[in-house]
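A short write-up of the structure that comes next.
Here the chain labels run A, B, C and D in written order, and each chain numbers its own residues starting at 1.
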Amino acid sequence: MTRRDLRSVLMGVRARQLGTAVLGALVVDVMTGPSGSLTAPTRGLTGSLLSIRAVIFVALGVALWAFLTFRDRLATYTSRWTAAIAPSRLVADRRYRRAGYAALLAAAIAVPPYLSQYWQEVAVDQIGVYVLLALGLNVVVGFAGLLDLGYIAFYAIGAYSCAYWTGSLPIRPPHVFNPFVTIIFAVIAAMIAGVVLGFPTLRLRGDYLAIVTLGFGEIITIYANNLQSVTGGAQGPPKPIPHFSINLLGIHYQWKISNLPYYYLLLAFVVLILVLFHNLENSRVGRAWTAIREDEVAAAASGINTFRYKLLAFAIGASTSGFAGVLFASKIQVITPLSFVLQQSILVLVLVIFGGMGSLAGAVVGAAVIQWLPNALKTYVDKADLFMYLGAVLVVMMIYRPQGIIPSRRRSRELAMAEAGLVEADALTTASKEV
Amino acid sequence: MCLTNHFWDYFVPGIANGFLYALIALGYTLVYGVLQLINFAHSEVFMSGGFGGLFVINWAIADRHPHGLSSVWFVLIGIIAGAVTGGVVAFVLERVAYRPLRRRHAPKLAFLISAIGMSYFLYNLAGKEFGRDARTMKPPFTVTPSKPLFTIFGASVNLYDAVIALSAIIMLVLLDRLVQNTRLGQGIRAVAQDADTAALMGVNIDRVISQTFVIGGLLGGAAGFLFGLGTAGVSYTMGFTPGLKAFTAAVLGGIGNIRGAMLGGLLLGVVENLASSCFGASWVDVVAFYILVLVLLVRPMGLLGERLGRSA
Amino acid sequence: MAADADVLLDVDAVTLRFGGVTSLADVSIRQRRGELLAVIGPNGAGKTSLFNAITGVYHPQSGDIRFHPFGGKPVSLIGRKVHEVTKLGIARTFQNIRLFAALTVFENVKIGVEARQRTGPISAMLQLPRRRREEREGDQLAVELLEFVGLRDRANDLAASLPYGAQRRLEIARALGTRPQLLLLDEPAAGTNPVEKQELETLIRHINTEMGLSILLIEHDMRLVMSLAERVVVLNFGKVIAQGTPAEVQNDPAVIEAYLGTRAARAAEGGPS
Amino acid sequence: MNQRRFVAAVIPLAVAGLVLSACSSNKNSGGQGGSSGGKPVFKIGYEGPLSGGNAQLGLNMKYAVQLAINEANAKGDLPFTLQYTEADDQGSGDKSPAAAQQLIDDKQVIAVVGPAFSGATKAAEPKFADANLATVSPSATSPLLATQGWKTFFRVVADDNAQGPADADYAVKKLGITNIFAIDDASAYGQPLEKAFEDEAKKNGAQVTHQSVPGTTQCQAGSGNTQQYPAVAQTIKASGAQLVFYAGYYCDFALLAKALHQAGYTGKLFSDDGSLDPKYIEQAGADVAEGTYISCACADLSNDPKAQKFAADFKKLAGFPISVYSAEAYDATNTIIAVLKELGASATRAKVVEKLRTVDYQGITKEVKFQPNGNISGNAVYIYQVQGGKIVSLGLAGS
């Protein structure tokens, strides 16, 4: 390539980047601009595109573009800076990682009492419970490479099991239990549901599995909604589900309306599950899942019962979900089928992938960030537009960091190889390749 | 009552639903054919088509009360407006949410998430700009809707259903011809069969993928308009359920397979209506799901099997 | 023909069809315990199909494949799943190497070794003592196997980073990890350079003699086949056209015809094997 | 790699946008920031769905609350300054406790309008009761809510057990219908209302066929599909019903009405306050909607000058006309303001709760007086009918 060619190519790239910057600026302008309405559908667009705002935004975009393109020194400085704080670099080093986790745990224990009640509430209802959900789905999607879009159904099964065994549903159980005890029933029920769903469907290929699980999730909600005499219908169980309590060996403790006790209970469970899953990941089972994800045929030829391991992943994911359901039900005390719709399944999937598929730390951080983000954003933007911003964040994130915030080591290797064109990025949808 | 004396009364409107599903399902199936990806944001392409068609037709009709031939023109204008909007949105969608990821060989789930993100972004943007309540579409024809156009097997067919079905049939036939007989279609089939080989043979993959998205967008957008026509309303959340149904229909017929999508759509439309007559509207999705599972257990690749290249 | 007592693998009149294509037509092959048996034949002769039929990937329409494990009753392999066949004591490698590319060399072998471990998810999660012991034993065996195939110093490298010949050896190590009685090698020398080929030849011989494993070998490299195999079976168009010692087979007119006809074509095509 | 560098360009842009919009949204939200002239600041919180599939219903109420607060401040005779604050619960039980907590944490919040939905109320009310913060819901109609013993719970809307039987009595006794097809939208609002209606209608000797038809995503956060209505219409037609009762919102009701019309159904249509909206007529079409009965536990707004002014001012503030539950939200807010006026600058949360028990405020939809369990006193249900493309009051259901 001659020098001139190179230059024209570079100019081309620059021109494209300028275009992207201007278009990006206009999109941000429209996003943050005034809204239209039923009677004035163009008010939003004209208000943001045909006003001084547009000029400001385009100017900002162009300025940024110019800044980055023509100040090479600065550009390298910024990229070095971003590289330095990029979590993957830090996380890659084991020592940093250990220290980081210890610091995180310490912060998770020490900080919440100083937060406002509101943030404590968010930390329990919206972050804590979803961290558990994300950890469970991470086993299914991240470890075993199965796309499950009906994951929230098991959460529903857990929550309704808890409601049933605590006597909150219209149908009475043979014996009423404390929510703690119902964890066992709920986990078993969710696991059975996982196996029953998985047994006929896990032989299907990735995308087909996705639609079948999606359908399963939908029908569980429909059953919950329609069977009024069993579940209470759309209103949910008529009686509030009781809070947790301990009444054992002379110790009496009742979890009540305040959030901190629930927070610590959840934290303990999350840490427990993290330890269990970490052991699992680095065991025979975890390696078998990786093998299945990478090459199902070779895995089978190495003696791995692929079907059984997939079913196992499904069952473990389902029971974690069911477990989270009990915690949720007992904390919120009120459940309705609306808590278990498809969008929730998608949300949990987003948490897992945003955090970094296959990575336990990623699932935790992803859940924390995505669940925290709307609550933090809503002070600044119109609440009705929250999901628009969330959507934009997801797209930008996937374009620039498809591996997620903290990818697992195995996953990031797979992705690096895929980027170099060596292997498929994942075995989610590739059928058993020709032998 | 179930399946017996009113069979055709349920069957006939089911066909019209089915054609709508088929139009949308094609968008899923075409993209799946060339990329092996579920385009989760296709439901928003459909929604955009609804808005595009609505604005243009409302502006075009203004205060008139169209009838006769002018009705045909208005419907045509609406379809074209919807289709063009859908096509443009699908094109942008591919550029923003797919191409950059493709360049990086991102994992499949990253595509899924970026498509979900795009879907959230688009429908909420529409809600922000156009209001969050349903908008009403002006009717392009002035007839008494209660008067059936004609009857089949004793079941009355109303004008809306007839318009939807007829437009859909024309578009489906055009698409089938396009994929079978043109160079564009050849390219799509080649990429669907084996993208690497197609690239070696000089097919511009990027362009073919872009074109595939646009074709799917045209059909989806037109369906969005027809949908708005049938219900006389368009709203920012209208994409979700029909999108889901159409996706199910595509899988039912064999995702990636054009004729499969058509068959799956029609089948789902009819099955839903019959299920409604037997079990009530709130159980329709349950029945549809059971049928899907049964079909997949017997034919794991859908009714007509998978490949876009082979059977279309 | 071997006496029934030392038969290890008995492929009995197996026919395998795909749609209208017959890959294997009435194929019968018997392998003795400890024998290194080679299967040769031109492209498309059905060699890999034979492997896939034995290992449970394909299911033949007729015929039977019986395996006589050491100290156990003979079992039919028909209708068994791939992992079951592996557990019975038959391991294989693939023509186009199929390693777990993003895992380390050590982990690849470990996956093979773990095929025979028994502890389940619960003891793994809780790190029960039994699980720890098993983990240690597995590590030890994996290291030994890596030592055996000469990859010990690369244990922590990624599988994909190994040179071609080393990947072949790693695949064999992974297969050995499942503790097979019969090892199926699908063109192990394909794509290797002469040095690597030499190493492979030595390795295969060691496996056969030192470890005492029976080996069923598909190979295109005639020199390798003639030097390693005790007996050779020749397939063409899914049929057994000859079998015997390497010397006998080499002089069989049917074999010469089959090879001359296709070898010329192959050379002209330059296609993959 | 070019792209990576570009991420640096996108993020500052987004931040800049957020800052800009934050400025503009502050400007939009009423403009009475900051405490003024030594007067104490009281905030009236609003909890409802402001994002998600039911956002429109939430917005219908939000602007009414804002309007009432703006008007009270504008009069200038208050011994305190009122401010508006809001918490989004997306209409769901999951988000509701956090939304409630947000309002509770803000010590200036003296009373709350909402929560809008029954499920959200069920999940949040224990928190409000614990904080002794009064809530006046404009729209939560589940009968269960009044049975939980929450001291802080009030609502200005009739519960389903008041409205459903009134509807049934009107349909059977007044209209003389004997064969009814009752439909609910499978939501927490429709299901109990339909049940109450069905029980009463059966008691009155009518034959009732019931079907649950999920609300559509196009209209609300339901699971239904717009395409379901033609089949439902066929079923209704085949049942030979003389009247269709719909427990749900106007948007889905309009779709059902149209499908029924196209199927050739000629019987009567009957719905409830969720459908009392001119948009029902617009979306169904005037000829389809003609003759539809709609019941509401709210007085006729169309001839009341106060209500007319409210509607006009609402449209100016919100940018869209008043809709379902706007007027109730306006009344709920004004009830709270009336209580605050009586209490003056020394009002506390506890005092507001106490005072609400005895309040008697003439709102635009009804006279607001509460029963001990928090329900509105008096079950005056009015019947409306679509006549000539307009919703016209037929007077009280019982009369």
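To be clear about the criterion, contacts are C-beta pairs under 8 Å (C-beta built on N, C-alpha and C of every residue); 3 or more make two chains touch, one makes a residue touch a chain.
Only a predicted model underlies this, so the values are computations on that prediction, with no experimental measurement involved.
K.L.:
For which chain is the distance between its Cα centroid and the global protein Cα centroid smallest?
P.N.:
Smallest offset from the overall C-alpha mean is found for A.
K.L.:
Quick one: report the Å distance separating chain C from chain D, using the average Cα coordinate of each chain.
P.N.:
72
K.L.:
Which whole number of Å gives the spacing of the CA centres of chain B and chain C?
P.N.:
Centre separation, chain B to chain C: 50 Å.
K.L.:
I'd like the Å distance between the centres of chain A and chain D, where a centre is the mean of that chain's Cα atoms.
P.N.:
33
K.L.:
Between chain A and chain B, what is the separation of their C-alpha centroids in Å?
P.N.:
Centre-to-centre distance between chain A and chain B: 29 Å.
K.L.:
At least two other chains touched by the same residue of chain B: list those residues.
P.N.:
In chain B, residues 100, 127, 131-133, 282, 285 touch at least two other chains, as defined above.
K.L.:
Mark out which residues of chain A touch at least two other chains, giving numbers and ranges.
P.N.:
Within chain A, the residues that touch at least two other chains are 31, 37-39, 218, 222, 225-226, 382, 384-387, 392, 399, 414.
K.L.:
What positions in chain D touch 2 or more of the other chains?
P.N.:
3, 55, 59, 186, 212, 214, 223, 320
K.L.:
Run through the chains and report each pair that touches.
P.N.:
Those chain pairs which touch are A-B, A-C, A-D, B-D.
K.L.:
In their complex, what parts of chain D are in touch with chain A?
P.N.:
2-10, 12-14, 16-22, 24-25, 50-52, 55, 59, 86, 88, 91-95, 97-98, 101-102, 104-105, 118-119, 122-123, 126-127, 130, 142, 144, 148, 186-192, 195, 212, 214, 221, 223, 318-321
K.L.:
Using the touch rule from the top, collect the residues of chain B that touch chain A in their complex.
P.N.:
32, 36, 38, 55, 96-97, 100-101, 104-114, 116-122, 124-125, 127-133, 135, 244, 247-248, 251, 255, 282-283, 285-286, 288-289, 292-293, 296-297, 300
K.L.:
Residue numbers of chain A touching chain B in their complex, please.
P.N.:
Chain A reaches chain B through residues 30-31, 35-39, 41-42, 44-45, 141, 147, 200-201, 203-208, 210-212, 214-216, 218-219, 222-223, 225-226, 342, 346, 349-350, 353-354, 357, 382, 384-388, 390-395, 397-399, 402-403, 414-415, 418-419, 421, 425-426, 428-429.
K.L.:
Residue numbers of chain A touching chain C in their complex, please.
P.N.:
Interface residues on chain A, with respect to chain C: 276-277, 279-280, 283-288, 290-291, 294-295, 297-306, 312, 316, 410, 413-414, 417, 422-423, 435.
K.L.:
Under the stated contact criterion, what part of chain A meets chain D in this complex?
P.N.:
Answer in residue numbers: 13, 17, 20-21, 24-25, 28-29, 31-34, 37-40, 43, 53, 56-57, 60-61, 64-65, 68, 75, 78-79, 82, 116-118, 120-122, 125-126, 218, 221-222, 225-226, 228, 233-236, 238, 240, 257, 259, 328, 332-336, 338-339, 341, 375, 377-387, 392, 396, 399-400.
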